[in-house]
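Letters are used for the chains, namely A, B, C, D and E, taken in the order the chains are written, and counting of residues starts over at 1 for each.
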Amino acid sequence: MSQAAWRNISIGVSGFIVLGLGALVIANPGKIFFSWTFFFEVLIGGLLAGTLYSLVALGFVLIFKASGVFNFAQGAMTLFAALSLVRLIEITNSILLSMALTVVIMMALAYVIERLVLRPLVNQDVIIMFMATIGMTFLIDGFGQLVWGSDVYPLNLGIPQDPFEVQGVLLNQFDLVAGAVAALLVAVLAVFFQKTRIGRALRAVADDNQAALSVGIPLRHIWFIVWTVSGLVALVAGIMWGTKSGVQFSLALIALKALPVLILGGLTSIPGAIIGGLIVGAGEKLAEVFIGPLFGGAIENWFAYVLALLFLLFRPQGLFGEKIIERV
Amino acid sequence: MQSSRKAIGETLLKVENVTLSFGAVKAIQDVSFEIRRHEILAIIGPNGAGKTSMLNVINGAYHPQHGIITFKGQPRHDMDKHEAAAMGIARTFQNVALFKGMSTLDNILTGRNLKMKRGLFAQMLYFGPALDEEVEHRRKVEDIIDFLEINAIRKTPVGRLPYGLQKRVELGRALAAEPDLLLLDEPMAGMNVEEKEDMCRFILDVNEEFGTTIALIEHDMGVVMDISDRVVVLDYGRKIAEGTPNEVRRNQTVIDAYLGVSH
Amino acid sequence: MLYRDSGQFKSTYEDDRAIFPIAQDRYAMLALLAVAFVAVPILGNDYWLRSIFTPFLIYSLAAIGLNILTGYAGQVSLGAGGFMAVGAFSVYNLLVRVPEINFILALVFGGLVAAAVGALFGIPSLRIKGLYLMVATLAAQFFIEWSFTKFPWFTNYAPSGVISATPIDMFGWKVEESWERYVLALAVVTAMALVAKNLVRGSIGRSWMAIRDMDVAAEIIGIQPMQTKLLAFAVSSFYCGVAGALWAYLYLGTVEPVAFGINTSFQILFMIIIGGLGSILGSFLGAGFIILLPIFINIAGTGLGLNLSTAFISHMEFIIFGSLIILFLIVEPHGLARLWQIAKEKLRLWPFPY
Amino acid sequence: AQEQFIPLLTYRSGPFAPSGIPSANGFADYLALLNERDGGINGIKVTWEECETQYNNDRGVECYERLKNKGPTGASLVNPYSTGITYAILERAQRDKIPILSLGYGRTDAADGRVWPYAFPALATYWSNASAIVNFIAQKEGGHDKLKGKKIGHLFLESAYGREPIPVLQALAQRHGFELHTFPVSPPGNEQKAVWLQIGRQVRPDWLLMWGWGVMNATAVKEAAAVGYPRNKFIGVWWSGDETTVIPAGDAAKGYIATTFGSPGALYPVHRDIGRYVYDKGKGHGPRERIGEVLYNNAMVAAVVSTEAIRTAQGKYGVKSLRGEEVRWGLENLTLNAARINALGLEGVLPEIKLSCLDHEGGGWVRLQQWDGKQWKLISDWIAPDRALVRGQIEASAAKYAAEKQITPRDCSKEG
Amino acid sequence: MTQAAPLLSIQNIEVIYDHVILVLKGVSLDVPAGGIVAILGANGAGKSTTLKSISNLLQSERGDVTKGDIRFRGERINGLSPSELVVKGVIQVMEGRHCFPHLTVEENLLAGAYTRTDGAAAIATDIELVYRYFPRLKERRESLTGYISGGEQQMCAIGRALMARPKLILLDEPSMGLAPQLVEEIFEIVKRLNREEGVSFLLAEQNTTMALKYATYGYILENGRVVMDGDAATLRENEDVKEFYLGLSAGGRKSYRDTKHYRRRKRWLA
């Protein structure tokens, strides 16, 4: 099938879906409640929720960008980081000290991963590396629970959480803080990874391990750095999500929410992670509130994926992902 | 220099005014030439001249912005990959494109896929029609294996083969389709003299015994001069010369652009 | 010295295409089947038949299904659980509405519905590849799970939103006891494994592998990507669908849609990677590894008699299991099936190292 | 020696461990208490073995099969502690003649003992609970007639479990004239923004019910605060009414209400005994300060029902190790009246119950409790559901199941 | 040149892939400081494997040097990581072009300078140097290497290795897929680098004519063993080499057309 034919089909299909939904909405006036204030409230709420997804997606992107590894363990790392922090706060009674200790723990984790998993598996297929990270997931989950326990722990770092209204639109301070943190993190990382020598080395490693080795890029250091950074991103994500619903094993599952964000933005793009998050967040909330009632609701989970899929039909590498090179 | 014993016939494929660009890069600019039945046509030119792109256009992997391709008398704007295959165009690739997870035998059998017609249900049962078909095609493939002298590696996964043998298997896969037009992209790159000799022998045999028309890209001038009937020279996406090996060899433009001094 | 292929020459191409060209392998396989069909049901107790062998067989079948799609055709998918659900719910709905239908026919029907759904969700694979496709297939998983929860028609309006396997009656054989369920599962799995093997060694299998290994080249030699990929999705989903129906009817009995949740999909993917992509044998080995190993670790932990707490054992189970996955990958990235093959190769050369 | 074996299917790891841990401890602690204080049940020592299910169906089945033949007479009865596992082993247990006790979960229509001789969703089912909550709301509003025109929301995890009370709520909505709004949450429920915008900003129901599980609970309570929905109009089922729901939510949880069938707190004589006979001897299963948590008490109640059934059965079959089918008789003839409950040191912890061949549920009584920011406080007496309505639905559903499965229901008048 | 201690010296190494496939069966060779040494041999003889065991890229292909010594300036370097080796001055240009497809030509070159610490200016000068050698690369500097032609990729890979300012370059089939003019150019560049910058080369080549023209010394590898070695000039004159590797028979170069239907055997394999 030629490129052009495909494009036409894709446009046709998406057009059909949009029209269909539109018709459904018009045909069911009673079920949908609409006002512009409410619309904006949902939109803003969605965007802010999206930044929380971005935080998790970011961890994936970093590692993928730097090693071509799809890190299934990102969720487990998020849980592990948050759990360590909470329990250390209980023990030391000092937030700052616990933060520092958690950072050290995440660095140690990165070191161990590099030493015991990545190094022996250099130059293996993506799918093998993916499986190895699954092994890591079990390991980290088990180890985390063994050391820190499997209960639920409240996390309160003093982030304000009260709602307030602006122009009739209800906002929550916590969401705003989360959004700001995500934006900041993305900015810092984008600069660090795009503009530096290390950034280039990272992309080289992701492209071709073997060739990167051959020009003398020390994979070990690079991997250690990247896994550490992504451990820290996991910590930040863990703090945000943990504040929302307590630190517990379920934190490991938020990775699932990050996946559509990830592919929509592109596996290799740091800005893609944040923009993907915003699109998925806003898209799924708007859909849930304004289309969901037609189906009886709870369409959020699959809707995020369908949304991502629609984008992928036009750009198979995601919005900002690197082009997939196919040549013979 | 060499008096060809075979009869070179009418035009099999004609390329007219083909232009292909990738963004700002003009890979092929307004190139026309033809390939005649039974001949061996060499396409040469410096690196990046657009030779591979030309083959890609011919078998439908790239779609040119302008131009007409006429194959077996049917003119068309561009080709479609598997249609081109179905019409009898087969090829090998510059960076070996074998199916790495499969054995030599299976790779070559895959080349016969277009000719295998048994449906899903027959194949589920395997015994009966599917097996008969399988065996029938297996015979043909074994002939090819014998011909290419790769008996010893029949069952080896191709990923583990040395480069030269991979190229040979790839040729086998292309031959398995019993094509009318065979496109070879640098079939002899990375081979030593002895292996090149073997490869030349195969190409000449195919050409003579099956009457297969061949277009090949090659950088070894010795090979090009010895085995081709005609040569097309590309440079920077344009055709700069065309003719018999001897004519091309003496062409000053070609010497400047490609050959350098000592040929 | 026992394992030698020397002196065994194949005189016809038929023989050479056989599944087990080496005689010792053939006998071993026959012996294994004999044990599985005769000895196990007679000697096995409820525990082994019901909670070890039966789930192992059914998961193996699902793994074969996914292996066809992912291991052979190269399309990584996380929708296997969803397609299992489709199979299970289709069979249930058919049997509850038309109870007199033979169970085997119902299974086929369930498989076909799953195949149709699978092919539908396979359409994006024409454009989307690799990890992107893998994540995109989650859309199928979540959508299917959601549909079965949401629309009560699928559960025949059961107020608790679950389906209960109706009694199985095959030509008058009422499949009730553990050993009967096991034998039925074994028969279905054996037959379908054989069919899978046939498919992958014929021209269809080769076109799948061609698409997997290098899709552009495959297209250029005349393989139609659309047909090939969609067929892979359909066949794979057929297998998953049948496995899902068996899971509901022979194993769980009463099923909520979450029994085929995202975790199931992941587990099946793990199985084929650990077992060996592109290997039917690997599907079995992988299922064994992923399903049975944790149980054995757990039993071993409990049996140590050290009076360890269940929580501790369970956490250790996670740790050991994770470590073993990594260890096996390091030892042999291409899965247990490959490890097995290497072991056989060594055995053949034994006592010489090379 | 004579002993009575009880398998414990627990989940102390995985995403639901926060609920699994107190449950497992409560059950085991009570059994330990019986052994340490009374020397077992009428002198028959209780033995048990935990098996970790990770709240996973396959593992649950494996555990069941692993443990069902342990002990001199096999498993007395099984508490699967997961609805999915209950479904998966119900039929099996029927053939093995082992009763399945699922307190506050499991298969609702199994309350019809004619179709389900071996299943006991005792004390209260989700349907009873939904109905009882509506009765509580009516109390607060000043009578059932005041429900007319009220908006009642049902927030639930999109799953078989979450959807289960909907038919009952719909029937009640019709009868009492309130508007029912349903708000499904995509599993696992850690993201609920959309639904709360609908609840808090659009529909604004007068009362809101919640059928949540795991991480969904705390998140919901937090989101309620975030959109300013009053917590004291927000009522959870018992699985949304434990410490894991409210503690992570912090201040946001103050005023939140939930139902319970095993009153909260370590305030009762039985807790004192557990402290003295079990924990003082170092035989406790969890930290002492967590005795009396909601799920701990619920599980303890399950242990009470289990062991009292054994005691009842001993009355008929003699004081010895009993088989599953004998324990089943004990369950079907179990009566726990106020006197007996007091004697067990459990006054007020659980309602009076009486099971029978026909009725495997008992009364379906629940109480409501409210979180005051530090602990759960009871705010109502035992509330009964609309028995006729609930029972009607149960029987209809069981009959349909029996037809599907080609089962002929027992005739209870012939049971001894 | 045998008197001075060699720059690189390999003693009797054995290489096994995947724990079972024995590929090198005791290979020894020396590269003198300032030398250009060629390894010749048929496909699959083990040339690339030899180079990879020096640069230790073998490890990542599940290969192992199980026996023997590899010394660089007298120091044993078995088991050093590739990046340590690059820092020491040993770099390999891999067979088959291995560029970083998603990086532009220029980024590829910059990536090659990763181990350098002498500052951006020096790196910029060297980039210009590479562009001078390969003007074609300069034209395509902004293109992703995934899209440039095969020959261009080859140039990019060689240029990238130069960026590390190595002392010893292990060149694997540099001429493969290059136009004749360019092949000559590349060998000229090799010679110049060798003369002007004192870089030594160990190259695996199929283009025997070229290799023996520019190399000082040659080894012929067959089936994982060194079967012949000697000065380039000596090898050029050897009858066997002439026949099997240079394609020359007694009467000068024979036509590829005439090789049909007759097979010869290498004497040392008989």
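To be clear about the criterion, contacts are C-beta pairs under 8 Å (C-beta built on N, C-alpha and C of every residue); 3 or more make two chains touch, one makes a residue touch a chain.
Note that the structure is predicted; figures quoted are calculated from it, not measured.
Colleague: For chain B, which other chain has the most distant CA centre?
Modeller: The chain farthest from chain B, judged by C-alpha centres, is D.
Colleague: Going by C-alpha centroids, which chain is farthest from chain E? Tell me that one.
Modeller: Max centre-to-centre separation from chain E belongs to D.
Colleague: In whole angstrom, how far does the Cα centroid of chain D sit from the Cα centroid of chain E?
Modeller: 74
Colleague: Quick one: report the Å distance separating chain C from chain E, using the average Cα coordinate of each chain.
Modeller: 47
Colleague: Would you mind pulling out the distance in Å between where the CA atoms of chain B average out and where those of chain C do?
Modeller: Roughly 41 Å separates the two chain centres.
Colleague: Residues touching two or more other chains, restricted to chain D: which are they?
Modeller: Residues 12-13, 17, 21, 158, 186-187 of chain D each touch two or more of the other chains.
Colleague: Residue numbers in chain C touching 2 or more other chains?
Modeller: 146, 150, 216-217, 220, 311, 315, 317-318
Colleague: What residues in chain A touch two or more of the other chains?
Modeller: Within chain A, residues 142, 145, 150, 296, 298-299, 301, 327-328 contact more than one other chain.
Colleague: Which residues of chain A touch chain E once you look at their complex with the stated criterion?
Modeller: It comes out as residues 122-123, 197, 200-201, 203-204, 206-220, 322-323, 325, 327.
Colleague: Write out the stretch or stretches of chain E touching chain C in their complex.
Modeller: On the chain E side, the touching residues are 16, 18-22.
Colleague: Give every residue of chain C touching chain A within the complex, in rising order.
Modeller: Going by the criterion above, the answer is residues 76, 124, 126-132, 135-136, 138-139, 142-143, 146, 150, 216-217, 220, 225-226, 262, 266, 270, 273-274, 277, 311-312, 315-319, 321-326, 329-330, 333-334.
Colleague: Which positions of chain C touch chain E when the two form their complex?
Modeller: Chain C reaches chain E through residues 342, 345-346, 353-354.
Colleague: Any idea which chain D residues touch chain C in the complex?
Modeller: Residues of chain D touching chain C: 10, 12-13, 17, 21, 24, 49-52, 54, 56-59, 61-62, 64-66, 68-69, 83-84, 87-88, 90-92, 95, 107-109, 158-161, 163-164, 167, 186-187, 393, 397, 400-401, 404-406.
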